[in-house]
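Chain nomenclature is as follows: A, B, C and D, assigned in order of appearance, with residue numbering initiated at 1 for each chain independently.
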Amino acid sequence: MAHATNPQAEEILDKEFKCLNAGFVRLVDYMGGDESIIQAARVSYGKGTKSVNEDRILLRYLMRHLHTTPFEMVELKFHVKLPIFVARQWIRHRTANVNELSGRYSIMKDEFYLPSPEVVKRQSVRNKQGRAEDNVPLELQQKVLNMLLEDQRHTYERYEELLKDEIARELARINLPLSLYTEWYWKIDLHNLLHFLHLRMDKHAQFEIRIYAETMGEIVKRVAPMAWEAFEDYVFYGERFSKTELKAIADNLDTQKITKEYLEKYNLKGLEADEFLEKLKKLKS
Amino acid sequence: MAHATNPQAEEILDKEFKCLNAGFVRLVDYMGGDESIIQAARVSYGKGTKSVNEDRILLRYLMRHLHTTPFEMVELKFHVKLPIFVARQWIRHRTANVNELSGRYSIMKDEFYLPSPEVVKRQSVRNKQGRAEDNVPLELQQKVLNMLLEDQRHTYERYEELLKDEIARELARINLPLSLYTEWYWKIDLHNLLHFLHLRMDKHAQFEIRIYAETMGEIVKRVAPMAWEAFEDYVFYGERFSKTELKAIADNLDTQKITKEYLEKYNLKGLEADEFLEKLKKLKS
Amino acid sequence: MAHATNPQAEEILDKEFKCLNAGFVRLVDYMGGDESIIQAARVSYGKGTKSVNEDRILLRYLMRHLHTTPFEMVELKFHVKLPIFVARQWIRHRTANVNELSGRYSIMKDEFYLPSPEVVKRQSVRNKQGRAEDNVPLELQQKVLNMLLEDQRHTYERYEELLKDEIARELARINLPLSLYTEWYWKIDLHNLLHFLHLRMDKHAQFEIRIYAETMGEIVKRVAPMAWEAFEDYVFYGERFSKTELKAIADNLDTQKITKEYLEKYNLKGLEADEFLEKLKKLKS
Amino acid sequence: MAHATNPQAEEILDKEFKCLNAGFVRLVDYMGGDESIIQAARVSYGKGTKSVNEDRILLRYLMRHLHTTPFEMVELKFHVKLPIFVARQWIRHRTANVNELSGRYSIMKDEFYLPSPEVVKRQSVRNKQGRAEDNVPLELQQKVLNMLLEDQRHTYERYEELLKDEIARELARINLPLSLYTEWYWKIDLHNLLHFLHLRMDKHAQFEIRIYAETMGEIVKRVAPMAWEAFEDYVFYGERFSKTELKAIADNLDTQKITKEYLEKYNLKGLEADEFLEKLKKLKS
């Protein structure tokens, strides 16, 4: 059991996955995988657990019923290079371990985030926090990029000048912009990582952090493929409805056809099908 | 704003709410309420937040979109008396602050959990972790209670004998049973408390901890009534469906009637109604 | 007990304490104080605790012996305005609750950190992370400040131009500098706050965050004066020595004079004096 | 770098280390070691870190200056079998991931903690929480052990009787004693593990948990030997003195002889010696 490694994961270990214009995500190390989730869940059952004999069914049961602690038994460590404004959103997830490049100790490198032209967008009117979907005129795109680039160059020259004057690094860096790249080691357990990915792969997350989240999703898929599948089914592509929404659905839902046999064509079987039928029954009552 | 108190909460402050045969929950102190959730959310919006002018709408928006950090701005502190086996389930929630009575320092009191006759049930066959619903014969109920009571008395006499022999308290107590009552101060923020209540008010939670969770739910309702209402609507009485379940629902759902006007009779309006219609549209696509 | 308030703390509630050129710290709310630390500690002792009858002695005992959980029973909530580079150091403390102004939702204000001339210093040669102590020539000070100010103005004009072109706020802000002010609500328990202050009031912490930490120290002193006194004695002005350092000390320490009577002139009495004598005995053995 | 394994650790992987009469600790998996602490620390220094070229010196510097985050980059997973009263002390450390055997799902085994005769001790009069050091008469030892054993047998027979009556497992187990063995998987990062060991290897910790802590200490020594050495020097065998204690020490300490040369015979060199001399200078001032 110990040091079980997953060939799919080993293949990409230490490989840099490019993100944005100059960033990356790299899986540095990991501990465990689907089998350690199962192993941890099984300790709860002790003897007499013979009936729960299929790993995938058990793992899906855990995900479905929010039995989240077994997923904490898998640990992943990443090396990430990312713009500071992305780092500021990322660090809000407090359950991880972090070691970041320090501008007090080190001279920051001349690397800045510059968006691709096609992601330069106007402020959304509907969505107070995001970008509109429409493209902006090419010349506006270009103007924005030029302005950003020009200022990044200027700021870095100023930083270099302050360093040449031997001004303390911790002071010289204060006018560096949020688009500057930083780096960190970031270590987190799988349960908390999936929660992070749920929020940061969401369409409301800022485009730039979404790129990183999607890349990490691909990595998780290799480290714990069954957990990832369950996450996609139940959490990421699942949907939550409020009490009121459920009423409106129930009043317009024809449940007559929905039997255990019927559900087989959706590949819903066994306990999972039973639980679904029970949810529908409760809905209609 | 500071030290805003809620008359509904003040009324019950320090009052013991009985739980089980000898336990209780008592709200010892609290900081904040609905208004501090709003206050914290508004700092994110800074200037230009005039449009989000209705507190309840904002608070429900936060709950619906898993913007959980503002709910962390409310803090509650409880004094609880509870059987050790309940304490062992409870303590698994790691985000709280705890100070528990110590059997190393103190002589434990002669107080044990004895179930009411009607909650003595057989092992459920369907549910590996719980009780069957059927009542057991009265004489079996009585037999069980007599056995429990007799052993509790015996164990406590033994404990007293060991203490009389001046055996160290930390050793004398090792044969005390899980049904013994302990006490603690337990302090937690509202977001994490709602998560605790979601899991522990659930029908799969053990009956005995559910009693405590329901009592604390009543207390939260007084400290932060709008947050509680949103929690009930979106989380507690809401429902999650997997990708596959959503397909089965979509194939049997008639969405023709469901318009924004139609939803008004469910009291679903504004952004909340728009978001629901969008979810349905995605479902049918 | 509930809602005990401390007149010393009430006096400053909601008051803005200026930090740096445009920042502040404001105590928005608090729950508990010295008496709730005592209350929580006493639950561990249950009956038979009559002998530990003096609060101050108990509280100092807790601090001395790293019994930290009772200090978690006090909660403080601050409103802080601070430069982003300070916020980035601050947020590394993960045990707090935070709601920060968002540059995705809001238009950032034209407020930047500009150091006072006298804190513009050269890079320390001894200390890789900090500033030298010597003053720099006045003209270099002025040159640095002029450069910083000029660039801050320029950057903000660019930001305004991007906003005028209706570029999404989340993009328009990416070249804003780390010296820009942000704001947040920050809530933390006293144990974790003292740990934060221990690290951030330290002379190795960057000057700018130290200013905030010292201001918060003054606030804590009013909320929980006995806890603060114990923190200063045992932690902040205390010192740790390694096994090897202890040997070098022991070989040059004359312990003959150091008796319980002698220690009274240092105001070291009772259990505290006994424990010190025991430490010295162990040292010399 | 990735998946670096330590031969010393590999040797004991999965090996059961006996604790108490029927418990054990087993290292199930680990991620990283001394080299990942160094790796994480170095990311903070980026370029220009050539001067900190010796790993051991860097690692000791981190430990001495409470730069604890790099130690979080190492993760250890244990399988532990332990009495419930030990588990209750252990679980107070909230920064770990846990999956415990559940008495709701599983039938608990007939295994109880029975102390060795020589650790049956009287209540300490000096130390409210612990045992006296003196041995108790052999016949009292025997009486205590007989009582404990007899009651453990009786209780387990009762448990079996309730199970035979098909009473729900979650109820049948409530009179099982705190001396019953349970099992769990427990996963934690090295920084938090060292903190746990500091508190639980301490002479004030209950004997029974100390046995587990010491066993885990031996395991850590194999996973991260340099970190363990630094922990012993600076933390475990180090000592903290309060402001007042420091004064009493300073007044009786002859620092004349203590020079950098002198310190070499204690193997205190370089920056470590400089820092010590500085502490002494501050002390005498």
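Everything that follows uses one rule, which is that a residue touches a chain if its C-beta (ideal position, glycine included) is under 8 Å from a C-beta of that chain, and two chains touch if they have at least 3 such contacts.
Note that the structure is a prediction, hence the values are computed from the model and not measured.
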Classification of the subunit B:subunit C interface as same or different, half of numbers criterion: same
Pair joined by the larger number of C-beta contacts - C-D, A-C: A-C
Interchain centroid distance [CA atoms averaged], subunit C/subunit D, Å: 28
Distance from subunit C to subunit A - Cα centre to Cα centre, in angstrom: 32
Contacts with 2+ other chains: residues of subunit B: 45, 69, 92, 98, 102, 105, 128
Of all residues in subunit B, those that touch subunit C in their complex: 1-3, 5, 13-14, 27-32, 36, 39-41, 43-49, 69-70, 72-73, 75, 77, 79, 97-102, 105-109, 183-185, 187, 189
Residues on subunit B engaged by subunit A in the complex (per definition of touch): 45, 64-66, 69, 92, 128, 199, 204, 232-234, 237-249, 252-255, 257-258, 262-263, 266-268, 276, 279, 283
Residues on subunit D engaged by subunit B in the complex (per definition of touch): 83-85, 88, 91-92, 94-95, 98, 102-105, 113, 115, 120-124, 128-132, 136, 140, 143-144, 147-148, 151-152, 154-155, 158, 161-162, 165-171, 173-179, 206
